[in-house]
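Once you scroll down, you'll see the structures, which are given as C-alpha cells.
Heads up, the next two complexes both have chain A, just with different partners, chain B and then chain C.
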Partner chain A sequence: MLDLINVSYDTQIPNNVGLSSDRKVLKALERWHPGYINWWNDLIPENFQKSDVYLRTAVSVDPKGWAKFDYVKMPEYRWGVLLAPQVEDRTVPCGEHYGQPAWQEVPGEYRNMLKRLIVIQGDTEPGSVEQQRFLGKTAPSLYDLRNLFQVNVEEGRHLWAMVYLLFKYFGRDGREEADDLLRRSSGSEEAPRMLGAFNEETPDWLSFFMFTYFTDRDGKMQLESLAQSGFDPLSRTCRFMLTEEAHHMFVGETGVGRIVERTCQAMKEAGISDPYDIDKIRDLGVIDLPTIQKKLNLHYSLSLDLFGQEVSTNAANAFNAGIKGRYMEQRIDDDHRLTGDTYVVRSVRDGTIVTEDVPALTAINMRLRDDYVRDASGGVGRWNKAIAKAGVDFELKLPHEGFHRQIGVFSSVNVDPEGKILSREEWEAKSKDWLPTKADGDFIQSLMVPCYEPGQFASWIAPPKVGIDNKPGDFEYVKLHMA
Partner chain B sequence: MTKAIDFQTDPSKYRHWRVEYDGPVANLFMDVDEDGGLFDGYQLKLNSYDLGVDIELSDIVQRMRFEHPEVKVVVMQSGKDRVFCAGANIRMLGGAAHSHKVNFCKFTNETRNTFEAAEADSGQKYIAAVKGACAGGGYELALACNHIMLTDDSSSSVALPEVPLLAVLPGTGGLTRVTDKRRVRRDLADVFCSMEEGVRGKRAQDWRLVDEVIPNSKFDETVARRAREFAAQSPKADVTQGITLGPISRTITDDAITYSLVEVALDRAGRKATITIHGPDEPAPESADALVAQGDQGYMLRLARELDDAILHLRLNEMTLGNWVFRSQGDPEAVLEHEALILDHRDHWLANEIAQYWKRVLKRIDVTSRSLVALVEHGSCFAGMLAEILWAVDRSYMMEDEFEGDNRALAAIHLSDGNFGAYPMGNDLTRLQTRFYGTPEAVGTAKEAIGEAIEAERAEELGLVTYIYDDIDWEDEIRIFLEERASFSPDAMTGMEANLRFAGPETMETRIFGRLTAWQNWIFNRPNAVGPNGALQRYGTGQRGDYDMERV
Partner chain C sequence: MTLPMKQHLIDPEICIRCYTCEMSCPVGAIEHDDNNVVVNADSCDECMACIPVCPTGSIDNWRIVAEPYSLEEQYGWEELPEQEDIALAAGGDTDDDDPIAALLAEAHKGAGGRPVAPASAARPSVNLYPLSKPVAAIVQGNYRLTDDPDHDVRHIILDFGGQSFPVLEGQSIGILPPGEDAEGRAHLPRLYSVSSPRDGERPNFHNVSLTVKREPGGVCSTYLCDLEQGAEVRVTGPWGQTFLMPQDPDARLLMICTGTGSAPMRAFTMHRQRAMAGGDGDMVLFFGARTPESLPYFGPLKKVPDTMLKKHLVFSRIEGQPKEYVQDRLIAAQDDVAAMLSDPATHIYICGLRGMEEGVERAFTSIAESIGEHWAALRDKMRDDGRYHVETY
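This part shows the complex of A and B:
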C-alpha cells in the first residue's frame, strides 16, 4: 500500500525538475496526490490493482535510456514529471514574437490562453483512461492487457505532466483547474470531459485499437504543435510526452493490423473469398472487414472533430502569440508569422463542397488537420498491404473529411464517405452501411471474452510479431492477482 | 510637450493671479500674463488659461483654506478691463496632444470642484463678480462659484460658445452645472449652449444663469456689500491665524520620486509606478493645538500633500506608466492615532481641513485613469484613511500567513470610523458602500470589525481585498497580473475601470467626470474638432470647421 502521508517525492516521483526543492509545486502536489490515487483506484478493478504488470517506467529523459521495464503494481507506478532537455538559446518559433528568446515564465498577457490550452490537453489524458476502464475484463491476451495498462498509466503520467505545469506556473487558478481535471469524468452528465470524443464509450477492443490509432494521433498532433510553443516548459513537457505517445499509436496500429490479419487468415482457412460474406465470416469467430471499416469511419470522424473549427480566431491568436505552433514548425520554409499568407480550406457553399483561400493565420486548425490526415493514412496503407498479401479483395479507406462531422463546416450537411452531400433522409437510410450498428456492436461484444493464459490469444486477433521488451511469446506480461 | 510639469508653486511665483486679503473677505483677481504660458506656441490673451494658470488657482484655493482660515468669502473677479475670462486657451488646446487635453480637463475639473465645495466643507463661499466677457471656461469658473453676480453694462455677458465656435463641449462642468446646479430649463439651456454671443443682463438672471444682475454704476459697491453680508452670515468660526504651507520635500530622479513619506519607483519597461506610503515617523499630536503647532509638518497633512503631488506628477508627466501599485509600510496603530486626532476634532478648523483634504486626495485616486492595484504586504499600514486606498483601487492583493525570511508584522488591515463616512466618493457614498452596493449588510459587518487587526483570511471573508496569496503564490500572481494588465489596451482599461469604479447613484460630480468628460473626450478624438479642417485647428483663421455631417 502506498504511503499517502509521507510520499517521498524524489523517489516516488521520478523527475528532472528539482521537485524536492520546489516548495510551491511540492505543496500543491501533496494536496492533489491523494485525490489522484483515489481517482485511479476507483477506475481500475481491484484484482488488476493488485496484479503485477510488466510496465515500462520513465526514469529519465535520456533518449537512450528513458524507460526501464519491470513488474509493478499499477497504484505504485512511478508517475514522473519529466521535461525534455532544455534547448539552449531556444527562440519563439512563430507569430509576432518570432525570434525572441523563448519564455521560461508565463507571459502575463498570454496566461489565460496558455492555461486553457493546457487544461484542454490535460482533460483528454484521464478521459481516455476512464473510457477504457472496463476493457481489462475482456482482454484478448495478457500481452494486450499489459499494453492497455501501459497506455493507461502513461495517460495518467500525461495528466501529471499537465498538472505540474498548472501548479508550477498558474498559481491558485492552476490548482483549481487541476482539481477540476479529477472532478470531470468521461460520459458524466454532471461534469463531462471537455471534448466530445472523450465522452464516447470504448466498448470493445477494436474500439480501443481504433481509438489509440486515430484519437491518440490527434493527441500527438496537438502535442506536436504545443511542442512548438514559445513557452519553453510547455514545449519541453510535450516533447517528452511524444516519446510515450508513439507507443500508444503503435498499440493501435498493430492492434488493428493483428485483427485484420486474423480475419484474412481465418477467411483463407475457411475458403471464403468474398469479404462481404459477413455471416459466414462472423461464424469463424473473427471480425469481418466491412465492420472494421465502419469502426474506422466512426473513430476517424470523431477524431477529426477534435481539431475544432477549420477557420478559428482562437487558433490564430495562439499561433500569433507564439504559444502554439504548426506541425514541424521549424521545418516549414516561410516567415513563421503568416500575416500575409493564405491557406486553402474546404467549406460548404450552396450545398456543394468548395475550396477557398483564407488568411493562413486563421486556418491553423485546418492545416494541422491536413497534416493529421496524411499522418493517419500511413497505417491504413500497411493494413491494406496485409489484406492484399492474404489475397483478399478489400481495401480499408479513410472516409471523406466531411463524413459524420459534428464540428466545423461539415457539421451542417450530411456527407457520405465518398464526399457526396446527401439529404438527411438519404444519409440516415444508408448510415447503417457506414457506421457500426447495434447488431455490429453486439456481435463484437460476443467475441469479448478474456484470454488470460500466457501465450494464448482470443480467436479474433493474431499474436504480435515480437514481444514487448523482446520477451518471448509465452511471457507472463501480467501476473494476475486472483482474489 | 515633454517638459515636466510641476504642480508645486507659491504666491511668490504667481504670474496670473493675485489675492488681496481684507479680513473675512479675499479678493481674488485673475490677471493672466499673456506671455506666461506653460508651453510655447500660444499667448494667453483675454484672460484665457492653460494648465499653468490653473495650477496657480489650485494653489490659491488650497492656501485659502490652510493659510487663511479667517477668510469666509472669496470674490473671484477679473484684473483686466472688459473681460472676465475667455476660457481655456484655444491655441493651446489646438496644439496639445489628446492625452494632455484630457489630463488638463481633469485637473481643472478637480480644482473647480474644490472651490465649489469650499462653502460646504469649510465655510468659504466663492462669489463670481462678472464684468466683461465671461465665456466658455470663464463662465465655467463662475458656475463653480457659489454665487454669480453679473454687471448690467449692456455688453457683459455669460456664454458657453464651445459648440458653435469650436465644435467641442463646455467640458469643465459647464453643461452639467447649467442643468444640475443652476437648474436652467433644458430648452433654454439648449438655446444658451448653442449661441456664440451668450446672454446679457436681466435675461441671464431670468434664465437662472446668474444670481444677480446689477447696474454697472453700482456693481463694485454691491459686490463689496454682498461679500460683507455673506461673511457676516457665515457660520464659519472665527480663526485668527492659519498655518503656513511650506515647500514639500521632494527629489525627482530618472526612476524615482522621493518625498518624506512617499516613495515612487518608476518602472518604464514594466509600465508601472510603485507608490509606497510610509507610516507616521512621530507620535500623534495630543490636542488640536498641538496639531496646529505641527503645521504643515504634521503626519496627516504632510502625507496628503506628498501623495497629492505624486498623483498629479504621475498623471501628467508619466503617461505610459499605466499601472500604479500602492504599497504601505509602517505602524498601522500609529496611523489610526493620527487619524483619530483629526476625526475627533472635526469642529476644529485645521482638523476639519485636513480631513477634507484627505477626502479630495482619495477622490483624485478614484478618478485617475490608470490601472490601480494595492498590495497589502507584511509590515503594511493600510489603516483608516489609508485603508480607503484599498477600495479606491481596481484590485487589491494581500499577503497570507508568514513568508519565508520575512519577519515583518503579518499583513493586517485596520478599519476606523473614518471608513464609514469621513471620505465620501464623488457619488456621495463611502467607498465601502460603493464596494458593497449589492450587499449593503456587508458594510455593517465590516463596521463591527473596527478595532481588529484584520488578517488575510478575515479580510477575504469581509470582502475587503480581491485576493489573498501565501508566499508560494504571491510573487507570481502579482507579476502575472501586472504583465497582463500592461498588455491590455490602455483605452479599454480606462473605460472599463472608470465604469466599474462608480457604482450607485449619479451626482453632479460623477456626471461631470463620467458623462460629460467621456463625451468631451470622444469629441476630442473626432476630426470635426481636431482634424486638419476641424474647428479647433481652424479657429482664428476666419474659416469655420469643415464637418463630416454624418450623425454617429
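This part shows the complex of A and C:
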C-alpha cells in the first residue's frame, strides 16, 4: 500500500505522493530539478552553500516526523513534495458546490482560475528568497543566519509544492508555467515577480523581520484560504505548507521583538527616557523606536496591498466556485454560500472615508484582510508589552488601513496613519515622519555588520529567549565554510 | 484526576499564536483567545503531537501542580508562573520518557490500534519521577503467593514514605534494578503494573503492591523477588494513561488474565470493593493458571463474593482433567460473554503473557459472530471508545 505519511526517498525527489509510480510527473519534475538547483546556487553565496546549517527537514507529514533537526548543506536540503494526509469524505467547504465531494482532479470549468491562483502563490515563494539573497552577509548572529536559511529553504520547498501541482494537473501549460517561475526574478526589468511587494528589495535585517512578520503573514492568510479549496490536492498541499509557515511568523515576531527589547535596554542603561531623542539613541548602536514604527508602517501598508481590491468579482468567483475559501471557513457559522449576505467595507466617497454594506460574496478579499489585521495586531501588542516593561513611554501602532496604499479604494487618496485624508501637499510635507527616509535606511545599513561568533549578537538585537530545537545559547547554528 | 499532577502549559512570552499546536492536537485540548494559547488539563493526554510542530519552543513547558491551572487562569497570563514548591522532584526531561513510551506501546499493541482511556476514567498522573530523577521506596513486605516450585510469584509492597506517588489502578511503575548490563550501561527500567488500588494496599496509606514472577535469568524480577523488608528500591513513574478503569459505577468489567497479568485486575476489583462496599460489582474475571497452587491470590480471590465479581478460574494442568485455557472458558460461557459484548457499558481488559492474545481473539471472533458482529470492527470501535484494553508481555 502507498505510504502517505512518511516521505519516500526512492526517487531523487523526496515525496509522499507515490512519485515513483507516477512516471510522467516524475520525469517532468526531474527535468525541472536542475534548473531549480541552478537557481538556488546562483542565489546564495558560495561559502554559505558549503556551510553546514542546522536545519529542520520533514521526514513525514504527521506531527512526529516533520521537524527533524540536523546539519545540512543547503544544496543538499531534501526539497520535496509533501501533502497533508487526505481527509476521508472531504467536501467542498463553500460556494455553489458546497457539500459536494471535494475534487481530486481539476474541474474543467475552473481550470484557468485554479492555475492562476497556483502560479501567483508559486511566484511569491522564490521571489522572497531572491529579495533576501544578500542578508546572509550581514547576519547579526549565527542563530539569525540559520533562521534566514530555514525560511529560504522552506520557501524553496513551497515552490516545489506549487510546481508539483502544475506538473501533475495542468499538462503542457503547467510545465510552461513552472519554467516561468524560475525565469521571473525579483526586481527584474524584463521579467519581474508578479506581485509588487515581491519586487522590493530587503536591504537590511529589520526589513527582513518586518517582511516575515507582515508580508509572510499575508502568505499565511492566502495559504489558509487555499487550504479551504474544494480542489483537494491544493488544500492538502497548503495545509502542510502552513505548518512550515508558522516558523516564518516566528522569525518575524521574535526578530522585531528582540530589536525592540535591545533598544529599550540600551536606552535604560544610558539613562535616556525620551524615545524621540533619536540621535542620542542611535549613538548607542541601536535602532530608535520611531524608526521601527516607520518600517512597520511601510511593510504593513505594502502587505495590505497584497490583498487586492476590496470589492472584487474575481474573489467572488473563486469563492463561489469553491476554489478558495475564507479564513477558518469550517469554523464560520453560516451557509457557506453567502448568497444573500452583506459585509461592511470602507470606501472613499467625496473625499471622506465611509463604511458601506456590499454583497458579502464580493467582499471576500476585504474579509480576509480584516482577519489579517486582527492576526497581525497580536504581535504588535507583545512588542508594546516589552516596551512598557522596560518603562519606556512609547507605543507601536498599526497605521490606518488607508495609509500609503497603492491598490484598492485608498490608492486615490493620501491618508495619514490616524486615518485622516490629506492633500497632496500635506502628505508630501509629512510623509517623511511616517515612512523611512533614505537617511533612516543609511543609518540602519550602518549597523549591518556580520556577527558570526557562536553565542554573540550584534549591538542592535537581543539574544532569543529560547534556542532553536532547545539548543543552548552558544550553539553553533551554522558551521561557516571558510574559503 | 490524581493529584499532584504534571500539567502541560504554553509559555505566553515565547508563543507567537500561530495555532499550529492547536491544529495538530488529536484530542482538541488546545484552544486560544486573542491573548493566549492554552492547554486544557482535563483533556490533554500528553501524546506530545504538539511538541515538534511548535516553531518557538514555547510549547514544551510543564509544572507539577496540586491543582491544575484553569483555562481562565492561563488566558490571563503574561508569563508562566514559577514552579510552586511541591514536595516532589520536579519532573522535566521529556526525552526521558521515550524508553518508557516504547515499552508501553509494545505492551499495548495487542489492542490493534491506538489505545484510548475509558471515557469516565480518572485522570492519571504520569512521569512525576522521570528516569533521571527516580524516587526511593522502601520494601514493606515481600510475600510468596504460590505454592509451586516452578512458579515463584511474589506480592511486594512498597512504601514511599512522605513522598507523593499517586497511582491509579492499571498504571505501571518502573523499577530500576541496580548494576549495569554487559556493556557497562545502567539497566533500563522494567515496568510492573500495580496490583493495589489508588488509596493504597492498606487504605489511605498510599503504599503500592506489585505482583512479580521470578523469571530464570531475569535481572529485575530476581532483584525484586530477593528483596528483604526494609530494602530501598529506585522507582520511576507513574506510567500509563489508557489501561485504566472506568469511574462510571454502571460500567461493566470483563477481565481476562493469566499469571501476573492478574495485578491490574486485583487493583480494579479492590477499588470497586472499597468504593461500592456491599454493592453489585458487575465484574467478570477469566483467570488462567496451570494449577490452583500457581494461581496468584487464589485464596483471597475465593473470598470475593460472586455479586461483586463473577470468577472463572481456569486451569491447564490438573491431573486427570483435560487442559482448559481462558479462551476455552470464554467459549463455554459464550452466552454471558456475548451479552456483555453487545452492551455498550462493557469494558474489556486483557493482561498476561503475549501468547494468550491469539486464543482470546479467536474466542471473541467466534462469539461476536454468534451475535452477527464482525469482531475486528467491534474491537476497533470498543478500543476507540476506550472500552478495549490489552497489556501483554
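In this section, the second predicted complex is superposed on the first by the 472 of 483 C-alpha atoms of A that agree within 3 Å, B and C clash if a C-alpha of one lies under 4 Å from a C-alpha of the other, contacts with A are read in each partner's own complex, and residues count from 1 in each chain.
One rule holds for everything that comes next: a contact is a pair of C-beta atoms (placed from the backbone, for glycine too) under 8 Å apart; a residue touches a chain by one contact, two chains touch by 3 or more.
If you're wondering where the values come from, they're calculated on a predicted model, not measured in any experiment.
**Q** Quick check on the superposed pair: does A:P75 touch chain B, chain C, both, or neither? Answer first, second, both or neither.
**A** After superposing on A, A:P75 lies clear of both chain B and chain C.
**Q** Quick check on the superposed pair: does A:Y169 touch chain B, chain C, both, or neither? Answer first, second, both or neither.
**A** Touch partner of A:Y169: chain B, not chain C.
**Q** Considering only touches as defined above, state whether A:G419 meets chain B (first), chain C (second), both or neither.
**A** A:G419: touches no partner chain.
**Q** When the two structures are overlaid on chain A, which partner does A:P107 contact: first (chain B), second (chain C), both, or neither?
**A** The first partner, chain B, only.
**Q** Regarding the shared-chain residue A:P203, is it in contact with chain B (first), chain C (second), both, or neither?
**A** Touch status of A:P203: no partner.
**Q** By the touch definition at the top of the document, which applies to A:N470: first (chain B), second (chain C), both, or neither?
**A** The second partner, chain C, only.
**Q** Which touches a greater number of chain A residues, chain B or chain C?
**A** C
**Q** Would you tell me which residues of chain B are touching chain A in their complex?
**A** It is residues 467, 469, 472-473, 476-477, 479-488 of chain B that touch chain A.
**Q** For the complex, which residues does chain C have touching chain A?
**A** On the chain C side, the touching residues are 13-14, 16-18, 20, 23-24, 34, 48-53, 55-58, 60, 78.
**Q** In their complex, what parts of chain A are in touch with chain C?
**A** 62-67, 242-243, 245-247, 249-250, 253-254, 374, 378-379, 385, 465-470
**Q** Which positions of chain A touch chain B when the two form their complex?
**A** Checking each residue of chain A against chain B gives 23-24, 27-28, 105-109, 111-112, 169, 171-172.
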